[in-house]
Amino acid sequence: MIEFKNVTKGYDKNKSNALKNVSLFIDKGEFVFLVGRSGAGKSTFIKLLLREIEATEGSVYINNFNVSKLSKKEIPFLRRKMGIVFQDFRLLENKSVYENVAYAMEIIGKSEKQIQKRVPLALDMVGLSHRMNHYPHELSGGEQQRVVIARAIINNPSILICDEPTGNLDPETSYEIISILEEINRRGTTVVVVTHDREIVDTMKKRVLTLEDGILKVDDATGRYGYEV
Amino acid sequence: MRQAGTAMKFSSIKTMPKNVVRDTMKSIERNNLMSAASVLSVIAALIILGIFLILTINVQEVTKDVESKLELKIFLQSDFTDTQKETIEQALEKSDLIENVTFESAEEALEKFTVSLEDYAPLLSGYNSENNPMPASFVVRVTDPNDMEEVQTLAMSFEDQGVEYVRYGQEYVEALVSFNKFTNTLSIVVLVVLSMISIFIIYNTIKLTVFARRREIGIMKYVGATNAYIRAPFILEGTLLGLMGAIVAFLIIRITYYYILGLVGGNLFLPVDASLASPDAVMGQLIFFFLLYGGFIGAVGSVFAIRKFLDV
Amino acid sequence: MIEFKNVTKGYDKNKSNALKNVSLFIDKGEFVFLVGRSGAGKSTFIKLLLREIEATEGSVYINNFNVSKLSKKEIPFLRRKMGIVFQDFRLLENKSVYENVAYAMEIIGKSEKQIQKRVPLALDMVGLSHRMNHYPHELSGGEQQRVVIARAIINNPSILICDEPTGNLDPETSYEIISILEEINRRGTTVVVVTHDREIVDTMKKRVLTLEDGILKVDDATGRYGYEV
Amino acid sequence: MRQAGTAMKFSSIKTMPKNVVRDTMKSIERNNLMSAASVLSVIAALIILGIFLILTINVQEVTKDVESKLELKIFLQSDFTDTQKETIEQALEKSDLIENVTFESAEEALEKFTVSLEDYAPLLSGYNSENNPMPASFVVRVTDPNDMEEVQTLAMSFEDQGVEYVRYGQEYVEALVSFNKFTNTLSIVVLVVLSMISIFIIYNTIKLTVFARRREIGIMKYVGATNAYIRAPFILEGTLLGLMGAIVAFLIIRITYYYILGLVGGNLFLPVDASLASPDAVMGQLIFFFLLYGGFIGAVGSVFAIRKFLDV
C-alpha cells in the first residue's frame, strides 16, 4: 500500500536532512501512529506521500505506483485516493462548513443528491451538524479541526492521513475522533495518524512508528508512545 | 490509478458547469472588494480606450470629409471649341480617379470671383461678358486626394485639345494628406499602447485578486481538485467581470458622449467645414469592441494570472 | 489583576451564548489553567481579555481598568502589557524567525542593542536559536508554535496568555514549554493557559478553571483537569 | 496604563523612522509581485495622463500661436491727412488691447493684393500709383482675440478723423475663439476624468495589496503595534512606489516624445502655420507634475487603502 525505499529528504537551507534513509512498508488496512519530537520529520513524511515535495533520494510507492514518477496532471487523482487532515486546519474561508465538505465531493463529480445525503452524515459523525451554515471564522479551533476531518473522510478514501488531528481537541472529543478513525479503519481504509497524544497512542495499542531527527528509530507493532525509552 | 483517474475526470467534467456557475456567483458575491476592484479597473481602462477610440473615429471622419471637398480646376484656353470641351469632359467622366466633374463657364467664374473679392469687388467693375478675362474651367472632385497629381497628368494630356493649365492647392493638399497619414499612424500607435496598458492593468488586478486567494487555491489542490476544476470559476469570474466592466464603461461613455454632443449642438467650432461621425454608428462599433475586449481580457487575464499559483 | 463581572458573550448567529454570566478574579502572579471541551468558550474568554471582541453584558477589568471603556487608540497599549500565544500560530510570513520576535520589541521602541541581546536569548529558551534566519514556512508546526512563545515573552509582559501553547508539541517539548511558563510566572508574571493536555494540568497542580458550554463550572485551586468529574 | 502608554508611545516614535525605512525596503524586496503591480499601475496611469497632458499643452500652444497671428485691419479714408494718421496711430499704440500696429500704405496694399491674386494678377494691370483704388490701412495685432470687437469700436471712434471702416475675419475669429474655449474645457474635463481614473486604479491596486496582507496587519495589531506604526511602512512604501512609477513613466514618455519629434522633424503636417510647444518646457512641467502626483497618490492611496484593515 505505502512503501518508502531509502527515502532521504533535505531542504535547501538546512545542513541536516529532515528525513534520513527511511524505509518502511504499511499494508492495506493498517492503522499506524507516527510519533516523534517537534521537527523530527513527521510532516515531511506526509508531504512526501502527497507529492507536495519530492524525495531527495529514494522513492515513495503508493499502490505500487512510484509517486515521484507521477506527472503533474496525475497528482490530483493521487490526492483523491487520500483523505487528509492538516496540522494547521485548512478550510476555504469563503465557503460554509457544509460547502467545505461538499466541495471534496463535487470535484470528483458526485451528484447533488449524493452530496445532500452524505455531507450531513459526515458532519453528524464529528458532532457539527448544528454548525452546517457557519463560516470557518465563526468556529472554535476544535470545531474547525473537526470540519477538516469530516471533509477528509467524505469520499471513503483508501488512505486517511492525519497530521495532529486531535492537537487542539479536549481529551473527550479526541477519543471520539479517534474512534471515528478506528471505525473508518475497520471498513478497510489505511489510516496514518501523526500525534503527540501519548494517552491515545498507549491506549490504542496500534503499530507505532517513531522518528527521531529524521531517522526511523522505532517500528513497534505492539503500540507504545516509544521514543522516550 | 491511471484508469480510475480518467473515469473520475470524466464524471467530474459532466457535473462541472453547474458547480462552476454557482461557485462563480458566490465568489463574486463574497469577494466583493476584489470583484469591485476588477470591474472598476476594467471600466477605467475601457473608458480611457473609449475616449481615444471616439476621438480617433471622429478625427478620421472629419479628415475624410475635408478631403472629399478638395477640388482640382482644369482651365481651358480662351478659344476652346464645344467639341474639345466634350472630349475632355467625357475623358474625365470615364476616369476611375474622378468622382465628379462640373463645368464652370467664363461668366460664372467672373461672377464668383467678384463675389469672393467682397470689399475689393469694385476693382473688377470694368469687366463684363464682352471683355471677360476669366477662363472657363472644369471643377473636379477626385476619389482619393492622393491621386491629385495623376489627375493633373491626365488633364494635361489634353493640352492640344483646349486645356490651358491645371490648378489645385498643391501644398494644402499635400499637407492635408500627410496630416491624415500622421493622425492615422498616431491613433493606431495610441490605441495599441492604450490597449496594452489597459490589458496590463486588468491582468494586474486579476493577479492580485488571485494572489489574495492563493491559500484557497492551495487548499483546493490538496483536496484533489484538478487544475482545470480550480481554474474554471476564476476564468468564468474574470470573463463576467470583464463583460460587466465593458457594459458599465459603455453606458458611461454613451451617456457622456450624447450629453456633450447635445451641448455642442453639432457645432464643432472647427475652423473647417466638416461634420462628425454619426454617433449611433460610433456607439455600435464601441459596444461590439468593448464586449469582445472586456470578455477576452477577463478570461485570458485570469488564465495567466492563476497559472503561477496552480503549482502546488 | 484580571476580573470578570457577570460577563456574557453572544455571537449574532448563535442562539446560545458562548459565555454565560461568568465572574472570576485572577490575582497578580497567579498561574491559571483554563480547560473545557471544544466550543466551551475558552478562546472567547481570551478574545475578551484582548478586547478583540466586547462583552454583550458585564465587564472585564485588567489592572482595574474596564477594558470595554478603552478607546481604540489605547488598545495597542493594553496588548503590550500581555504576551499572547495564539491557537493557530500567527507569525509574519515575510519576516524571519529573528525578525518576528524582534518586531515585538521594536514596536515598543526598544533600542537595536537591546534587541540584539534579548532576541537570541528568548529563541534559545524555546530551543530555536539555530533556526533564527529561517522563515515561518520553513519551520515545522511545533517550531512555529515555539517562535510565537518566544515573541510573547520577549517584553516581560505582566500577563501571559496562551491558547493551546502545546497543542502541536510532543510531550517532552510540551514540558519544556510549560516549565518556561512556570519560570516566567515565578518572576511575577500572571499566566493564563488554555490547554487540553490532561497530563500537564494534573502534574502541575495549579488553579484550574473549567468552562462547560459557556458556564464556569469548576474553579479548583488544587489543580485537576476537572470537567469529567 | 494610560501613563505607561504615553511613555512608550514617545519612545517608539523616536526609533520608528529607522525601522520603518528598513521594513519598507524589505517589504518592497519581498513582496515583489505586489510592488511590481503597484509600480506598473502607477506607470500605466501616468503614461495615459502624460499623453493627454502633452497633447493638451501642444494644442494650447498651437491655438495660441494661431491666435497671435490674427489681424484686424483699419482702413483709412482715401483723403486722410498725416495728422489724422498720427492721432490714430498714437491712440492705437496707447491701448492695452493692442499688441502692435503696422501702417500699410495704399501702394503697399496694391502690391500685396496683386501678388496674392497670382494667376489673376493681370486683372489689376490697369492700376498704378496714380489711380490706385486701394485704401491705406493700419494692421493691428490684438493681445487677446476676444477683444477684437472692442478694438473695432475703438477704431470706429475715429470715424471723423480719417477711419473709413474696420475689417477682420469675424466668423473665423469667432470660430477660433470658441474652438479654443472648447478645447480648453475638453482638456480640463479629460484631465480631471483621467486623473480620477488613474487615482482610482492606483488606489485599487494598493487596496488589493493591503488586502493580500490583511493577516499580517492583524498579527501586528495583536502584538500591540499602534495604527501609526503599522501604517507608516505602508505609506512610505506607497510613496516610494508612486515616485518610482512616476520616474519610469516620465522616462518612457520623454524617450518616446523626443523620438516622435525626431521622426516628424518639427514638421507638424498641420494645415495651419503653427509651431509646437518647446519639448524641454513640456518635459519640465511633466516631471514636476508626475513626481508630485505619483508621491501624493502613493501616500494618500495607502492611507485610505489600509484604513479598513486596521479595525481589529
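A few remarks follow.
Letters A, B, C and D name the chains as they come in the text, with residue numbers starting at 1 for each one.
Definition applied: contacts are C-beta pairs under 8 Å (C-beta built on N, C-alpha and C of every residue); 3 or more make two chains touch, one makes a residue touch a chain.
None of the values given here were measured: they were computed from a predicted structure.
Any chain touching chain B that also touches chain D would appear here, but none does. The chain with its Cα centre farthest from the Cα centre of chain A is D.
Note on chain placement: the centre of chain A and the centre of chain D lie 66 Å apart, centres being C-alpha means. Centres computed as Cα averages put chain A at a distance of 28 Å from chain C.
With centres defined as mean CA coordinates, chain B is found 61 Å away from chain A.
Counting partner chains per residue, chain A has no residue touching two or more of them. The set of chain B residues touching two or more other chains is empty. If you sketch which chains touch which, the chains form one closed loop in which each chain touches exactly two neighbours. Pairs of chains meeting the touch criterion are A-B, A-C, B-D, C-D. Residue ranges of chain B in contact with chain D, taken from their complex: 33-34, 37, 40-41, 44-45, 47-48, 51, 113, 119-120, 122-124, 126-127, 133-134, 167, 172, 175-176, 178-179, 181-182, 190, 193-194, 197-198, 200-201, 204-205, 207-209, 211-212, 264, 268-272. Contacts from chain A toward chain B in the complex involve residues 50, 52, 63, 65, 73-74, 76-82, 84, 86, 90-95, 103-104, 106-112, 151. Listing the residues of chain C that touch chain A in their complex gives 11, 13, 35-40, 42-43, 87-89, 134, 138-143, 145-146, 163-164, 167-174, 196, 198-199, 225, 228. Those residues of chain D that touch chain C in the complex are listed here as 1-2, 4-5, 8-16, 18-19, 26-27, 30-31, 215-216, 218-227, 229, 312.
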